[in-house]
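Dropping the structures in below, format is structure tokens.
Two complexes, one shared chain (chain A), two partners (chain B, chain C).
Up next, the complex of A and B:
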């Protein structure tokens, strides 16, 4: 049971790394909290459900489609909202209020469009039967989702560390004003990062019906809480720390389900309290966060 | 001449008498209720709400509902708010319905979680809570006359036939080891307690080898399924809400694990919805509650099942809210209210309660026989144990396997 919980936790954690990645990227670059993150994830899930329903589009194809679509969506949304937020005295707090409102609107529109019930895509679409790994059998849909999550994380790493745009993005993450002073088009860099953040959420959403069983318009709230736990554990503002946070969360959740199943929903809060008491900067965080 | 005078006087008195009674009649009967258009309980709330609305629209199209104390039909005004599946919001809105809107009849939202907050509020305000599908056993007590359960049996008796089957026929089939998985809420937690109690009382040679609760918002069951498999059970009882059942059954299918005997609640109660999300393959050979929407009880009051189904499709044809057990429950609430208003001596809350209790054991709707115990809990609409099997044409069909007097076939064990 222990080995199975560990392996399942690693795969589940990799997925949750992807779930939190976009939220952390947006926070890292703009220092704003996108409370509608879970709702963009939900839109990705319903996009996959809708495309599969009308044209049997494979969710992997949808994941690729989500990238340009949500980057394109993020660009105008950034210019509409974020520069105004950043001019405020307390952009972090104001962003929480603004994106909370946006979250409510998105959820309401999705409910009108798709109804309130759970929607899903057959698991066989991502492969039938279980896959054997280290002597344990895991659902093939989980394995595909885990691999896709790993590739998305790798893509973000390459974007941040192997491209010129990534260097500029990291410069903005380190110090926005200094980046501006050196002539970097901070808004353009930030808008792209914002779009990438939304796209990562949407890609995670595409795989949600397979990892979480189904998608509902209301799923965003729970996912936001889990995402926060993941990124705080990993380190706020450090996108790649999110992967570690996700794995800690995934493995802990599977152990909780094995040994204290009734208490498993307390896990995000327990992790948050624990990390804030022991290492407030997160597992990969610097001792002092520049916020 | 004298007889004409007497007749005229009598007629005038009759008219003025009825006029006086009608003058005291309200312009409308206010029914206040909540629904969850979003959130975790939307899937079980909206069908119930739509069912109730369908009955109200039908009544109003006929000029209103007949109310005995006023001896006339009075239009119904529905005052409904969206609680978004949030118990804190629901508590505020229940208070608002009673104190601000001053509704004549208070109807709870669907399900035990959103009903639980209404129980003490209704009691404090001495309002009779028309509990549609909140079946938690803790809601009902001898010292609280302000609640009646309309449409589903109280949770503590739901699993009686499951336990009876496992401890009698199941033993003969070779079932000795039982796994029990449940979501930790009033609805399924009560059922889990009941299962333990029934099995213990039966004193049969069966043991519970796995007994775990999970939070209601659990969406991942792969590890739990592996843990259940490690306990090597002959039968698995999974008690959850629709989101739990969907995730559990999908994970079960994707994991390639097949238990010899598997029970889940919602494949029976919301068959269409589960078939869309889990798929027909994932529902084959499952045991479940056989719902009223399948059994087709002979309705002595209200529409028959095919008629109701046709009316539902005509009104809500877009398919965003599926027809099933809960849609029948909402309509049944309306039928019980219709009968009660036609029989009550006054609009006083306890008089209404008395009128509803007077229907106990006598009212037969598409939901079965309406029967209450002393505490107001529903005990009449108990659901037989069914098994979902392939129908040979690529679809699924229900076979009632227990109790024997209503059985339509033999159980397939072990599951194929």
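Up next, the complex of A and C:
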């Protein structure tokens, strides 16, 4: 039991790290809260479902397709709303309301397009039979999703720490005005980061039918809370801290489900409140308390 | 004529009279009741968000606490409805007290933590393990105390009191102190405002408002499920209505409810997804082009909006 909870927790932790990663990247670079994050995840899930339905496209292929598609989607979306938002008096607060509006639009369009019912993809698409690891057996769809999440996180690490664009992105994260004064095209760098953030959400969404059971147009709200729990535990504004947050979240979720299953739904909320009150800065120090 | 009295005569009196008299000429009392509920909730959001600057994304937690405080004291203690309403209000205030540490967080952090808190309360109330006490996910039935006329009247009274509270905040030193905290808590403290006391008081007042109207909601509908009274729609609608009209005014939230909830009832019931689409686009446009609400259109022309 213990070994199973630990191992499944790690696999889910990697996945939840990916779920929160895009949200944290957007927050880190632009200091705005993308409350529509969960809805982009939902779009990824429905994209995978739709492509699988019409042409039996393997979800792993869909995950690769999601990257360019959602970066391309993020670009116009960024220029449409973010520069105007950042000029407002309190962009952080207003962004919550703005992106809530956007999430409503996406949810409505998805309901109009796909109908409100639950969708799922059979798990055997990602390999058949359970996989044995350290004497525990896990469904292979979980393993594939966990490995894919790990690879996506690695990709983000390479993007941020091994490319010139990532160097500029980190400069914008540290200080937006100073980056602008240095001559960095802040809007272009931010727009790319925004697109990557959406694409990460969509990739996480592609695997959502396997990890979370099914997908509905209204799944976004719950996923937002889980993403917030993950990134707050890690640390707001530090994308790679998210992975740690994801693993803490995944392992504690599995322990709750194993030992106190009926109260497991409470976990993300309590974890979120607790961390915000006790150690609001996560790993990376940023002042969030005022008085 | 003092400003507060003028505001009361211009806004509170007509709205209250309309709410009290319309049931005699219009038969859909449930619709009118929902308007009264949202007029109250939007003003409650106005107190803590409009005046004090904390965005209560989990405001529905107080509404649900009020509804369950009322229902459980009727079911288990066989209280009279009006006394049970007091228990509902008390439940909301206790939840508010429990959540006061959240006020230390600023901006988005407060909003997210508050949302998580409301969802946590919902998870506890609807947990099947607590069916003995809260009826769990199976819902509440209060047919024994069903009194639509009386409960409607009480709801109108609560709404009038809440509007009165908004008039008071709009025209008093306390309201001014709250707005100073919203603009800059440290400067407000320097100017002699007791920041912690003022914001806690505003928080508990808005919790009280939501708890009272939540209790009356339970009384009026008398059959409901936990996801009815903890629906995040209550928080979101109340916030958007208040924001649309313009916060930190008395008129703004009233206008927001009348216009947006009016549209909702015209098209939202039959085709919810199209309403959701329009509503989402409206919110986005609002934040981008009119972040201070409809009231700012008049203010820009130098008109004093009550």
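The criterion applied here is as follows: the second predicted complex is superposed on the first by the 282 of 291 C-alpha atoms of A that agree within 3 Å, B and C clash if a C-alpha of one lies under 4 Å from a C-alpha of the other, contacts with A are read in each partner's own complex, and residues count from 1 in each chain.
Throughout what follows, a contact is a pair of C-beta atoms (placed from the backbone, for glycine too) under 8 Å apart; a residue touches a chain by one contact, two chains touch by 3 or more.
Keep in mind it's a predicted model, so treat the numbers as computed, not measured.
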For A:108, using the defined touch cut-off, is the partner it touches chain B, chain C, both, or neither? Pick first, second, both or neither. both
One more residue to check, A:262. First (chain B), second (chain C), both or neither? both
First (chain B), second (chain C), both or neither: which does A:216 touch? first
When the two structures are overlaid on chain A, which partner does A:139 contact: first (chain B), second (chain C), both, or neither? first
Using the superposition on chain A described above, determine whether A:147 touches chain B (first), chain C (second), both, or neither. neither
Which superposed partner A:89 touches (first chain B, second chain C, both, neither): second
Look at A:174 in the shared chain and tell me whether it touches chain B only, chain C only, both, or neither; answer first, second, both or neither. neither
Residues of chain A contacting chain B in one complex and chain C in the other: 107-108, 111, 262-263, 265
Chain A-touching residues of chain C, taken from the complex the two chains share: 55, 57, 101-102, 104-109, 111-113, 115-117, 119-120, 123-124, 127-129, 185-186, 189, 195-196, 232, 236, 239-240, 243, 273-274, 276-277, 279-284, 286-288, 291
Once bound in the complex, which stretches of chain B touch chain A? 36-40, 42-43, 45-46, 85, 184, 212-215, 217-224, 226-227, 230, 242-243, 246-248, 250-251, 253-256, 273, 276-279, 319-322
Spell out the part of chain A that touches chain B in their complex, as residue ranges. 1, 4-5, 8-9, 12, 107-108, 111, 114-120, 122-123, 129-130, 137-142, 210-214, 216-218, 222, 253-254, 257-258, 261-265
Can you list the chain A residues touching chain C in their complex? 33, 81, 84-85, 88-90, 92-98, 100-109, 111-112, 221, 225, 228-229, 232, 262-263, 265-266, 268-270, 272-273, 276-277, 280, 288-291
